[in-house]
Amino acid sequence: MSLKVVNRKSPEGNMSVDLRTTLGSLLLPTPVLTASGCAGSGKELSAFFDLSEIGAIVTKSIMQNPRSGRATPRMAETPSGMLNSIGLQGPGVEKFMNEDVPWLAQTGARIIVSIAGNSVEDFARTAARVRRAGDVVSAIEVNISCPNVSNRGLVFACDPISASEVIRAVRRSVGGLFPIFAKLSPDVTDIVSVAKSCVDAGATGLAMINTLLGLVIDTKTMRPKVAGITGGLSGPAIRPVGVRAVWQVHAALPKVPIIGMGGIMSGADAFEYILAGASAVSIGTATFHDPTAALRIQNELSNLLAERGFTALKEAIAYGHRAADEEVGQ
Amino acid sequence: MSLKVVNRKSPEGNMSVDLRTTLGSLLLPTPVLTASGCAGSGKELSAFFDLSEIGAIVTKSIMQNPRSGRATPRMAETPSGMLNSIGLQGPGVEKFMNEDVPWLAQTGARIIVSIAGNSVEDFARTAARVRRAGDVVSAIEVNISCPNVSNRGLVFACDPISASEVIRAVRRSVGGLFPIFAKLSPDVTDIVSVAKSCVDAGATGLAMINTLLGLVIDTKTMRPKVAGITGGLSGPAIRPVGVRAVWQVHAALPKVPIIGMGGIMSGADAFEYILAGASAVSIGTATFHDPTAALRIQNELSNLLAERGFTALKEAIAYGHRAADEEVGQ
Amino acid sequence: MATASSPLQVRGEVISLKRVGEYYQMAIAAPGIAERAKPGQFVALAVGGEPTSMLLRRAFSIYAADERGVFGGTIEIVFARQGIGTKWLSQLPSHSSVDIVGPLGNPFPIPASPLKTLLIGGGYGSAPLFSLAEVLRTRGCRVEMFLGAATGERLFGIVEGRRAASQLTLVTEDGSVGLRGRVTDHLDELMTRTQTELIYACGPMGMLQAISVFAKERSVPAQCLVEEEMACGIGVCMTCVLPIRGDDGVIRMTRTCVAGPSFDGDTILWEEIGSIPSGTLGAEDLG
Amino acid sequence: MATASSPLQVRGEVISLKRVGEYYQMAIAAPGIAERAKPGQFVALAVGGEPTSMLLRRAFSIYAADERGVFGGTIEIVFARQGIGTKWLSQLPSHSSVDIVGPLGNPFPIPASPLKTLLIGGGYGSAPLFSLAEVLRTRGCRVEMFLGAATGERLFGIVEGRRAASQLTLVTEDGSVGLRGRVTDHLDELMTRTQTELIYACGPMGMLQAISVFAKERSVPAQCLVEEEMACGIGVCMTCVLPIRGDDGVIRMTRTCVAGPSFDGDTILWEEIGSIPSGTLGAEDLG
């Protein structure tokens, strides 16, 4: 037998490719971020890699007050995906900004704080608290895939008007220079119209996609598998939906920076999003499969860019949209 | 070595379970159907099993005129799924009714004809031609996931009003007794409202879900993988979305029969849809993986029903919705 | 920051896989992990090969860790074939490569003074108890072991238990091996006889709950190694929570993967698992 | 209706797998399929184990079929490692079980009268030609064989070709084996020398197109075994179509899995693959 038991090492990235990306006024050294809710507040992941090596850590969506989240069970594995129903458990923004953010800051990681709320005011107040931390936070991602208590629990992201109200309020509370990204849900008839109304309301850019609404029934108990009945579907199963959303929104709003996500497991998957028009990508469920996924994917991406003849990430952004006779950057 | 090379045989179904199901006025011996577009017009599948053994064959959506469909490539494999962009290739309803349907009829199979159209009139005329065949056709499935040429190519199924116009026109052209099923798209913000307007317009029942709009970029050519750019995502990857759609629509319209589909690969998967509220299930992509899938799944389903203590399929329909203290049929 | 006790991700190799009663016992060369492992910790294995349709790792208690195995540091697990992931694992040929993360979670707490301990294992739940017994004995504790299962085939570790414990008691529901009944049917007698001062328990949640209630009545602390479904195993996903009362009296939905997997049974709100107990931090705000 | 020539779905067993140059040659005990197989047909293998994330079967030409293999009817395929599915196949241990459907598609048409035939294979495209050669020879045809590839490592079947054909010509782009260049660089000379009356070709689409054009110029029919991506392989999905002119002169998007996989090269609208040629039946109606 040939014994090959070695610590799993990520491939080295190709150093000659310029991975820098810009998201509005935000310049990041690399386009690879963690996805909100899939990296906690960063601390646990730091056992697996140096958090400052990737583009940024997007933290779990935080709300104004502490939140218990939903009852268990909270997950179901599905083919090439998973369903989750966490219910935005978290310590509340005050404790989060006082404890988690400072810890994360001292690692040298760039921090994008994801915020959530039950009402427009919730969002605005949480955003204001985050902004008060100053430059230690690089940007805010606004998770509008939450139920709006004042509108029959309809998810903000499912209605262009509710979505824009949230974004406008957050924009007002953080001021003009601070980048904010609206995180869109794919569970809509027309994602482009939601994207447009978020941008009109002051979003610097867009993050997409959040999970798809799904349901799994346990065929043993013959009841829904997660306590919340429905849950959010993530993982490679949904990648074609995410890539489609990024493609459509980029085609409609070519100047708006997009953070793409949904099922990215490898550098090639990240590259797909970049080609579709994303300026950065977030790694979610992949981290559960592989704790070093974000860094590995970043290295695979830089190697793939080099193989395809790109010297800088920026040349590849939206390259999939080029006309048949247009072969730049090669 | 132990040599086990045997012809693959489906498990025998449990004969003691009554698999009959009713879809409006339509009584079927079993709830397992083929999904439109995944069994052609039945002929090729008949090499693998006796078509009359399953509930019904749902044929590939047929349009009024012959149609070439889209250019190739037309497919991409995705994690636990696939993307297709066929573009409704077909011989036109006249040839279909004169050649394919009679052949299928003589096998003893029950036939549900799926129809499609570019306009309300197209649908109506195609439905009328199908109806003219008389009882040889058991029902019509109306595939409203087609672009409406007179409404900027917006898919009928994405708008409750367009959807109901189609269903009303089809209902008018086939008369009151003939069952028609509206096939819904999951790519909407509110599938319940589309379902309601189809039922109000005269649909006997609903078939769901059609594929999700997706896109795959080939990271070698750095262009969309299928010629149609976007395509329809199917397979087990989307099952949680299909089960969720069936669950929601059944909860809102408990008396309306539902044909559930999306990623059914096994009897347990079919059972999930039944528990969610489907009265029948369609087998699509699974047939590409396993040509005998429909029959195998039917047998697995009857065994599973028996194991769970059901003597008839009907007791299990929507059983997942029961209250915590309600344990019937056990 | 990675430290000497941080978990590692290693490409391990299956050294052996054998059936033991109803279970499978697998040895995996996993250098680094074996050296760090302490009793009560677990490992998380990727399943399904590549490309897999099963994204989530499967968690298994470390049954044994040998820093100086023939193939380098080796760990062993014992598992039941439950669903598709463990089915896949049960069919892995020797020398297959497996992606393994560990050691995860906290070790069992070890008492500062030598106590009379009772180690209770239900089914494969006995797996983490043998290495624990060893440590307890080096600390001067008396170790009594009590293993239960539905049938004899589902008792794991009779031989190991004889070696590891001062005394081993067995119980099966069908009475095929040892006493007849459930663990809790005989707990009273056993605790009295052995003057138990500290319990460690691992097994089905129902058993742990019953033991906790029982132990509390006699003011004996019971450390319970719980199993809640885990998506990540490393503390980033929040799926694995249980309602647990903290030292400050506040109930929190607590991640069992990083705060556990073993807890003082008295702090777990057993009755309320599957709901959010009223008074839980943040519960009032749930939409 | 199932008939004696209908395809079967069989749980086969991998009897052997070996590397041959850049390719893999796999023998699979697949009783029933072996007995029915004719030259030019293909099989479709499920890949990825269970539960797989790769739903679509992979199509491979039948290289050899032996009704009386040691383990019962056995078929052989030759494949290149292209993507994730063939990678998985290339790592299958002997005696693995594989789910296989076949024989699929139509056999190569065999001329009624004895003709001078030229069999052209590009890369692994030679695989279906050896059994074809055998049949042609029993029908009194003269069989000339011409194999080409980029490199010598990518030539498949030199030994088999020597045995199967009256004469074997080899060509590689790098000149490492046989003539230097592409198949079409030497086709003129070869056809003249051997007075070819009928061509069979299998290989990359570009090669088939070039051969078709060339053969048409000299009014020699060329049967081309094409490869278009197939989701089902059995005729139910409509993914595998090519624009093909029928006997009635009408262009149709034609399923290559059931109407092919081999076609008279002259009927394929090579230039228009990847579009819908104007005049195609139903094209005007496309939204």
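Note that the chains are named A, B, C and D in the order they appear, and that numbering of residues resets to 1 at the start of each chain.
The rule is simple: contacts are C-beta pairs under 8 Å (C-beta built on N, C-alpha and C of every residue); 3 or more make two chains touch, one makes a residue touch a chain.
Computed from a prediction, not measured in an experiment: that's the story for all the values here.
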{"item": "Length of the shortest touching-chain route, chain B through to chain D", "value": "1"}
{"item": "Between chain B and chain C, centroid-to-centroid distance (C-alpha), Å", "value": "45"}
{"item": "Whole-Å gap separating chain A and chain B, where each centre is the average of the chain's CA atoms", "value": "34"}
{"item": "Rounded Å distance between chain A and chain C, as computed from the means of their C-alpha atoms", "value": "34"}
{"item": "Contacts with 2+ other chains: residues of chain C", "value": "51, 53-54"}
{"item": "Touching two or more other chains - residues of chain A", "value": "79-81, 235-236"}
{"item": "Arrangement of touching chains [line / ring / star / complete / other]", "value": "complete"}
{"item": "Touching residues on chain C, where the partner in the complex is chain D", "value": "48-54, 84, 88, 93"}
{"item": "Complex interface listing, chain D residues touching chain A", "value": "51, 53"}
{"item": "Contacting residues of chain B [partner chain D, same complex]", "value": "1, 3-8, 37-40, 43-48, 60, 63, 65-75, 77, 79-82, 84, 86-87, 89-90, 92, 107, 118, 146-147, 149, 153, 227, 235-236, 285-292"}
{"item": "Parts of chain B lying in touch with chain A, wherever the complex brings them together", "value": "76, 78-81, 83, 158-159, 187-190, 212-217, 219, 222-224, 229-231, 233, 235-241, 243-244, 247, 263, 265, 268, 271-272, 275-276, 304, 308, 319-320"}
{"item": "Contact set on chain D toward chain B in their complex", "value": "1-3, 6-13, 29-32, 46, 53-57, 71-72, 95, 97, 99, 101, 228-229, 231-232, 234-239, 241-242, 252-253, 258, 273-276, 280-283, 285-287"}
